[in-house]
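The chains carry the letters A, B and C, assigned in the order they are written, with residues numbered from 1 in each.
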């Protein structure tokens, strides 16, 4: 188990190198004179251009620049925002917490709704509940998350006037409900599907039949024997869809005017603030990579076979 | 007194209203007796086993008596009481019948604690005893093993230990040796026989192999497409089969334990 | 009810509507008419008008062209990159496989929308660049599926038999491996159409996809932000269009999936 964990952590390193390389290329190399781009869209003075070029060392070979980029990343320096000349890292640091708060709340709702709906649908297979929840899941999966946001705003915020539809307000729980529900519901739809099919597989397996034949109660069979075996694909999908959750969060924060990193990213796109966009992409991709690492380790803990079988490692098993 | 008695039992597939899977099955098993239910795959043998265990989800006609209690009308809680303690099931594929994410020892202790009410300490001790009894030694190592660390034969022994842990009166063994290679099967058959004589329990042996039936059972029932075609003492069925089908089965049968 | 049929019907209707856009709505989807901004649905404007007075129905129909063209183009690009890479990785294995698949992993390490935003800000917005971005972040999935399929097929006895009688690597690839990958790739591509349409809608919603004034469902929905109170019809038309289209492709993909008994 320990060896597995170490192997998986080592496996993350080349991925991080690849991700930083791509972002470095996007930030420094691709089209146009990057000093001009970095100086912003105003007509920069010659002196300003020289200063920027010196600072970025643009005449140096590419690999030296990449090395410098990595070194500055190591120092926690993500560059400087065009717009207000503040460090990207401090802009991210001030907007990330409210996004994380929203995401954690959404993740909790996603797991609660997705797993319980999927499990109930599997147990009561072909019942009315099963059919209804699978139809809803199909519709939700086909729905852009911002559309769901607009619809919920319309129904709960405007027609029924139950919940606030914009911003974080005083930080009260009621401001979290709609945006986190939007984020959670679409992801929960995927989760409910995979929970249902995984649990149906497990419930029809011989060892579940055997556990019943030993006289164990049906709740014990379900929670101890079936659920543990059904969990690995569920955990995997939850992890993979974390990336989807991050992408959805951007649109959701825009719809609900949520003061988080996603909304900041949206403004940066409007302002063509490239360093901030690339910086945010780096932070969020890194979070995603580590979430997947966590998922693999969790799966190995749940399933003894995954620890031994190298084939099951990493993203390999998720294709 | 008969331990288990089936009176014209007919089983229908779950949800379907078509032809029954088995129809009009009657037989009885005495205490400490072994009865073999023989037939090709698809003859409805496994369905009968599930029906006796109360795990059949389709419709059941007829009556099943266990220790003179009518079972088909029993509620789930009452049935649950009987499973494991009075009735046990040994499934065909040992590699599928054991939970892959829990250790062997854990699964054995679970049954001992929940079904026999043993304390943690006592269950630990007794579980090691059972592992030794079925020849899984060193027991303390094997208690910590997961399914994927066991061979087919070892998994079968573990499954037998779990099924026997509550000392049931009747063991239903569904093709217990057919997933094993011939040599392993032969040694498993020896272990099984030894247990039967030591502990003493009745067995409903479900198999497609007439020679295995001859080796382990005293009575035999031949099933074809869900109906009984011949029944009797092993000796008479073997020496003077009255049906063509039985003769065919006898001719087709290989050595005991050979798989399909 | 036959799933495949439902999916096919939805998609056929969509394509017909797209082709008949000119007949179905007399309005120019681009021309603004400030006089009639934010009019609720009426006989003149069956789906109402947007904040710049453009007819919603016309924009919806022409937007369908944009969405379908982009989705189809992006999926073709994805397959064109992913399929050969997957076949090569799966067939040759070893170091080639490792390099290609680790590269795929790097692209998969970006949350899709986020990677798309990062690239779009550099190469600029617009419909053509949406293709490129969707293909860049979509090919690894196709490569994965193809590779798994090829690996599975390569280990079978008949491939060894073909080698024994002197079949060349190219012959085996072309004649045996490629046809076996097509089923799963087709299923994934159909389901991918749905995902790609959703992502394109998200990018257009965020203002970096299809550029105004050209109509796209995502940017039509962006027009509704902050206006759901006064003009709820802004979300009904484009919303229903996106959902039904994705649903159509997903259902068709699932039906094919079940019919071919493919595991993805």
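FYI, a contact is a pair of C-beta atoms (placed from the backbone, for glycine too) under 8 Å apart; a residue touches a chain by one contact, two chains touch by 3 or more.
Given the structure is predicted, the values throughout are model-derived calculations rather than measurements.
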Among all other chains, pick the one whose mean CA position is farthest from the mean CA position of subunit B.
-> C
By C-alpha centroid distance to the whole-protein centroid, which chain wins?
-> A
Taking each chain's centre as the mean position of its Cα atoms, how many Å separate subunit B from subunit C?
-> 53
Per the centroid of Cα atoms for each chain, what is the distance between subunit A and subunit C, given in Å?
-> 21
If you average the Cα atoms of subunit A and of subunit B to get two centres, how far apart are those centres in Å?
-> 49
Hey, what residues on subunit A touch two or more of the other chains?
-> none
Please name which positions on subunit A make contact with subunit C in the complex.
-> 14-15, 18-19, 22-23, 26, 30-31, 138-139, 141-147, 150-151, 153-154, 158, 242-244, 246-248, 250-251, 254-255, 265-266, 269-270, 272, 274, 277-278, 280-281, 284-285, 288-289, 292, 314-315, 319
Given the complex with subunit B, which residues does subunit A contribute to the contact?
-> 205-207, 209-218, 220, 224-225, 228-229, 302-305, 308
In the complex of these two chains, what residues of subunit C are touching subunit A?
-> 102-103, 105-106, 108-115, 117-123, 141, 144-145, 148, 194, 198, 201-202, 205-208, 218, 221, 224-225, 228-229, 232, 235, 239, 242-247, 250-251, 264
What does subunit B use to touch subunit A in their complex?
-> 50, 53, 55, 76, 80-85, 87-89, 91-93, 96-102, 110-111, 114-115, 146, 148, 159, 162-163, 166
